[in-house]
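You will see chain A twice below: alongside chain B first, and alongside chain C after that.
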Partner chain A sequence: MLEQRELAGVGEARRLVLPARAGARGRARAREGAAGLGAWAAALAVAGLLGWLVGEIAAGGAPALSWSLLAEAPADAGRAGGILPILVSTLLLVGVCLSVALPLGLGAAVWLAELAAAGGRRGRWVRASLDALAGVPSIVMGLFGSALFCRTLGLGYSILAGGLTLACMALPIAVRAAEQGLREAAGELRRAAAALGLGRAATLLHVLLPAAAPALLVGVVLGIGRAAAETAALLFTSGYVDRMPGSLLDSGRSLSIHIYDLAMHVPGGNHRAYASALVLLAVLLCLNALAGWMADRWLARAHARC
Partner chain B sequence: MTWYERRASCRWSAEAALRWWMRGSAALAGGLVVLVLAFVLAEALPLLLRVGGGRLFTDASWQPTAGRFGIGPLVWGTLLVAGGAVALAAPLGIASAVFVHFYAPQALVRPYRRAVELLAGIPSVVYGLWALVVLVPLLARLRPPGTCLLAGMLVLAVMVLPTVALFADASLARLPPELWRGAAALGLGRWATVRAVALPAARAGLAAGVLLAAVRAVGETMAVLMVCGNVIAVPADGLAPVRALTAHIALEMGYAAGEHRAALFATGLVLLAMVGALVGAVHLFGRRGHHA
Partner chain C sequence: MGSRGWKAGALLAVLAGAVALGAHGGRCRGAGAGARLVATGSSTLAPLMAEIGKRFEAHHPGVRVDVQAGGSSRGVQDVLAGMAGLGLVSRPLLGAEAAQLRAFALARDGIALIAHATNPLPGLSTPQVRAIFRGQLTRWEQLGGRPGPITVVSKAAGRGTLLVFLEHFGLQAAEIRAQALVGDNEHGVKTVAANPGAIGYVSIGTAAADVRRGVPIKLLALDGVVPSAEQIAAGRYPLVRPLLLVTRGEPGGLVRELLDFARAEGVDDLVRTQGFVPLER
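Up next, the complex of A and B:
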C-alpha cells in the first residue's frame, strides 16, 4: 500500500520536474524558486518572533533590573521594592516538586525498564496512563491539586500543596527521562553485572544508576525549568501571598504568578512584570544551556565509549 | 548468625525494599491519572447528579449562583481560539521543518533548531505578558480595547508553533534515506521532492504533530486568560472578546463555593473530554503511521 502511494507520488513528481514543453519547465523552475523563498521566509518569521519576544522582554525589563530587585521584598503591590520572597517561594516550590517527583519517577522508571516484563500488559498500561497524565491541561491539574492537597489533605493554600501539584505534573517527564537514561545505559553493563553475580539491588545502585546519572541529571535540569515556568496549576494551590514564606505550609507566590498579577491586576505594574519576566527567562535560559552543555559533554562521551 | 549470614539477610531486605519502592512508585505513577479524573469527577458529581450534565450545554447563560450553568459560549471560545491558532501555526511550523531539512545551510541547522526549542521553552505567562503589551495595543488601533479573539489566536499560534515545527522535524528525520536517493535519481528539484515525496510520506507524523499542538492550544490557560477579554459570549467577529474554558476556571476558582465550584469542576471535565478526544486521535494517527 505504501509502495503504491510512493509510486503515485513519484508519478506526480515526474509531472512536476520533467514537463514536456519549455513553458511548463519554466513554470516548474519558478515554483522551485517560490518554494525556496517561502521556506526562508518561514524560518525568518520563526527566528524573528523569538528575537522580538526576547528583545521586548529584555528591553522592557533591563531598566528595572538591579541588585535591590533581587534582594528586597516587594512594596506597593509589587510596583516598588524587589522580588526576594517570590524567588524564595519559587525555589521552595521547585524543591518540593523535585524531592517528590525524583524518587517516585526514578522508582517507576526502574520498574518499567528492569522489572516489568518487556512488552507486558502492566508496563504498557503504566506507560499509557503516564502519557494520558502528560496531556492533562495544567489548569485541570490545578483543580485536582486544590481538591486533593488543599481540601482533602487540609494543606490549604500552601507551598507544599503547590509543590505536590507540580510534582504530579512533572512525574511523566521524570519517568520518561529516567527510563530512557536507564535503557541507554543498560545492555552490556547489565549482562556484565549478572556475570559477576551481582544482585538486582547491587546492579542498580553500583552499575546502572551511575551509568545513567548524566541522562538523569539532564532530565532533572529540564524538569526544574518546566516547574519554574508553570503558572496555571499554582493559581489556586500555592496562592498569591507575596510575603516571605515562614514554612512550607505558608502560601507563597511563584515568579510566574507574580508576572501574571503585575501585568493583569496592578495598574502601572508593567515595568516590574517585565523585570520579573526577564529574571525568569534568564533562569530558564541558563538551565536550558546547562542541560544542553551536559548532554553534549557527558552523553556524547558515554556514546563514544560504547 | 555469622556475620556473613547477617550481611546476606541484610542484602535481601535491601533488595526487597528496593523492589517495593519500585512497585509502589510505578503503581502510583500509573494510577495518578485515574486519581486526577476521580477527584475532578467527585467534586463535580453533586451538581451533575442534581441538575444533569446536559444543562451545561442547554442553559442559556452562566449564572451559577442563580442555578444557570450554560458553558456553551465557553466551549465555542476554546474551539475558536485553539482552532484559529492551530490553523495559523500548522503551515508555518511545517514550513519551518521543511526549511531545516531541505533549505537551511548546514551551519544554520543546529542554531535554528536550538532557537525553535527555546521558543518552546518560554513560559506561557511570558507569552501572555508579551501579547498584552505588544499585540493588544496593535489590535486596539483597529478597535479598542484590543483584548479579543484575534489576540488569543495570534499568541497561541506563536506558542504552539514550536510543537508543530519540532514534531514535523522529527517525522521528516525518520523517513528512510532511500526516498531521497530515489528523488535525486529522478532528478527532482527540492520543492518537487518536498511536495511529492517528503510531505506525503511523513503525513501521519505531521498530522500527529498538528493534533498535539491542538492539545496544547486547548489546554493553555495563562496567555488566553491575559489577552482574550474574557466576556462570556460567542464572539461576533475576530475583534470581539471571548472567554475560553481554561480562562473561565482560572478566573472564578478563587472565589467559587458550593455549586458554583462544582460547576467549575464540571467545566474541567468538559475540558478533559476535549483533550481526551484529541489525544485519542493522535494515537489513531500514530498507529496508522506505524503500519505504513
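Up next, the complex of A and C:
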C-alpha cells in the first residue's frame, strides 16, 4: 500500500531516491512511518480535545438541562427559568447577519474571481482590505458597530445593529471562501462552457456557482460560527436585554452574552452557563447540518438538471 | 434564469422584507404608547437592575426597561451622551463626574479579601494587606501562615472594585505587584479557588454565595471584622462601596418613578438575592 502510494504520488521523490543506496531508502521509509505516526497522534489529540470539551460542558450543564430551559423566559438574573428569548434573539442575529453578508459576500467574491483583472491593483486592494477586516478584534468591531449603527444610524441597542455588526465580521470570511471556491471551480469548466458558447452570466449562474457551492457553504458555516459565538461585538450593539424581542429594533441578548453574564456576574449561575453553552453547541451543529443539507439538495438539483 | 435563480431571489426578497418589517414594527412601537427606559453601566449592578426592571414593568404595563451592561464608566458616558436615562455605577463618582451627574444610592456592596479555603489564616490587618499588594510580603510564612509564595490577584485597570480597594488602603495603581489580573467578580473567585496560595478581593455578595455553593475559597477578616452583609448593615465592616444610579440633571417623569421604585423597600428581596446590602432607611 505504502509502496503503491510512493510509486503513484511521489514520483519526483522516487526518482531522487533511486540512485541512492538501499539503506538510505530504508531510513527514508522509517522517517515516513514516524511522520505518519506523528500525524495520526496529532489527529487523535485534536479529536480528543473536542471530546473532552463536549464532555466537560455536558457534565456541567446536564443537571440544568430540561425542556423548560428551552421553553421559558429567564428569571432571577438567569438562575431560574429558561433561555427561550435568548435563543430567539440569537437566531435573529444570525439571520440578519447572513441575509446581509451572503449577498454582499457573494457579489464581492464574483467580482474578485471573475471580473477583477488578475493581479490587478483594484483586486489586490480589495483583498488586502478584506484581510485587514478579518483581523480586526471583535471588541473593536463592537465599538465601531456601536458608533455607526447604534448612534449615527440611530438604531440604538438593537438586534438589527448587532446583526449588521456581525455581518461586517463574517463578510471577509464569506468573501474569501466563496472566491476560493469560484477560482477552484474555474479552469476546465470555464473553458468547456466557453466552448459551448455560454455567456459570462450563464457560465457563472449555471456552471461556476453550482460547482463552487461546497466552498460557499464552508464560508456560510464559518460565518455562522463567528456570528453565533460572538460576545464582545454584541455587548455594545445588540445589548443585554433578556426579554423576548418584539422586533429587530429591540435589544436582544445572544446566547454567548448570556453564558458570559452567568459565568462572570451571577453567583450560582455556573450550571446555567454550562447548560446554555450546551444549547449553543447544539444550535451551531444544527445550523451547520442544515446548511450542509441545503447545499446537498441544491447540488443534486443542479446535477439532475444538467 | 432557471428556477434556482428564482428561488434564491425569492429567499433574499423574503429576508429583506423581514428586516424591513422588523424595523418598521419597531419604529411604530417606539412612537406609540410604550415608553422605553434605558439603564446602562456596571456589570456588577446590571443583573440586579434587570430584575428590578422586570418588576417595574409588571407594575407599569406598556413600559419597557432595557438594561445594558458594560462597566461603570460606560454608564457615566452613556448618561452624559444621552444614550441612557439612568447610569449604573458601582464606585464613587470621580471629581469631574460628580459635578455633571446626580447620584442616588441603590444599595451597598462590601469588598472582601479572599483566599483559598485551605489557607489557615483567619484574617489580615490593613498594614499587612498593604504590604502584600505592594510586593513587600511575598510568602505566607512571613504572616504566620503555611509556607509558600503569595499569589496576588488584583483587578484590571478601570474596574470599580479596584478604585475602591486602592482608595481604602491608600495605594496607587502603579504600586500594586500582582501575579494575576482579573476582570469580573466571578473571574476573581475562580482564579483564587484554583490557586492555594492566592489572595484576591471581590464583592462580598459574590464571595459569600460561592462559599455557600462549595467553591473552595474563604473570606478573610479585615482588622478582625469578618466581612458579611450583617457587619456592613451594622456599619462595622470598613471596605464598602456604594452602588449608584446616576442621572444627568434632576430626573423627572418615568425615570424618577423607576428611581424611586428601585430605592424602595419593595425590591429589598431582589437586592439580597443578588448578594448586596439594602439601603438603610
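FYI, the second predicted complex is superposed on the first by the 226 of 306 C-alpha atoms of A that agree within 3 Å, B and C clash if a C-alpha of one lies under 4 Å from a C-alpha of the other, contacts with A are read in each partner's own complex, and residues count from 1 in each chain.
Everything that follows uses one rule, which is that a contact is a pair of C-beta atoms (placed from the backbone, for glycine too) under 8 Å apart; a residue touches a chain by one contact, two chains touch by 3 or more.
This structure is a prediction, so every number in the text was calculated from the model and none was measured.
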Touched partner set for A:L248, first chain B, second chain C, both or neither: second
Chain B versus chain C as contact partner of A:A263, first or second or both or neither: both
Which superposed partner A:A77 touches (first chain B, second chain C, both, neither): second
Chain B versus chain C as contact partner of A:A211, first or second or both or neither: neither
Which of chain B and chain C A:S158 touches, first, second, both or neither: second
Partner chain(s) touched by A:L171 [first = chain B, second = chain C, both, neither]: first
First, second, both or neither for A:P103, with chain B first and chain C second: both
Chain A residues touched by each partner, larger count belonging to chain B or chain C: B
First (chain B), second (chain C), both or neither touched by A:L235: both
Touching both chain B and chain C, residues of chain A: 103, 235-236, 263-264
Contact footprint of chain A on chain B as seen in their complex: 11, 14-15, 18-19, 21-26, 28-36, 39-40, 42-43, 92, 95-96, 98-100, 102-104, 112, 114-119, 121-130, 132-134, 158, 161, 165, 179, 182-183, 186-197, 200-201, 215, 218-222, 226, 246, 249-250, 253-254, 264-265, 268, 271-272, 275-276, 279, 292
Residues of chain A touching chain C in the complex: 75-78, 95-96, 99, 103, 150-151, 156-160, 205-206, 235-236, 239-243, 246-251, 261, 263-269, 298, 301-302, 305
Contact set on chain A toward chain B in their complex: 1-2, 5-6, 9-10, 12-14, 16-18, 28-29, 31-32, 34-36, 38-40, 42-43, 45-47, 49-50, 52-53, 56-57, 60, 103-108, 110-112, 114-116, 125-126, 129-133, 135-144, 146-148, 152, 168, 171-172, 175, 199-202, 204, 225, 228-232, 235-236, 256-257, 259-260, 263-264, 270, 273-274, 277, 280-281, 284-285, 288, 292
Chain A contact footprint on chain C (complex, rising order): 1-2, 4-5, 12, 15-16, 18-19, 22-23, 25-27, 29-30, 38, 43-44, 46-48, 50-51, 54, 64, 66-70, 83, 183-187, 205-206, 209-210, 213, 273-275
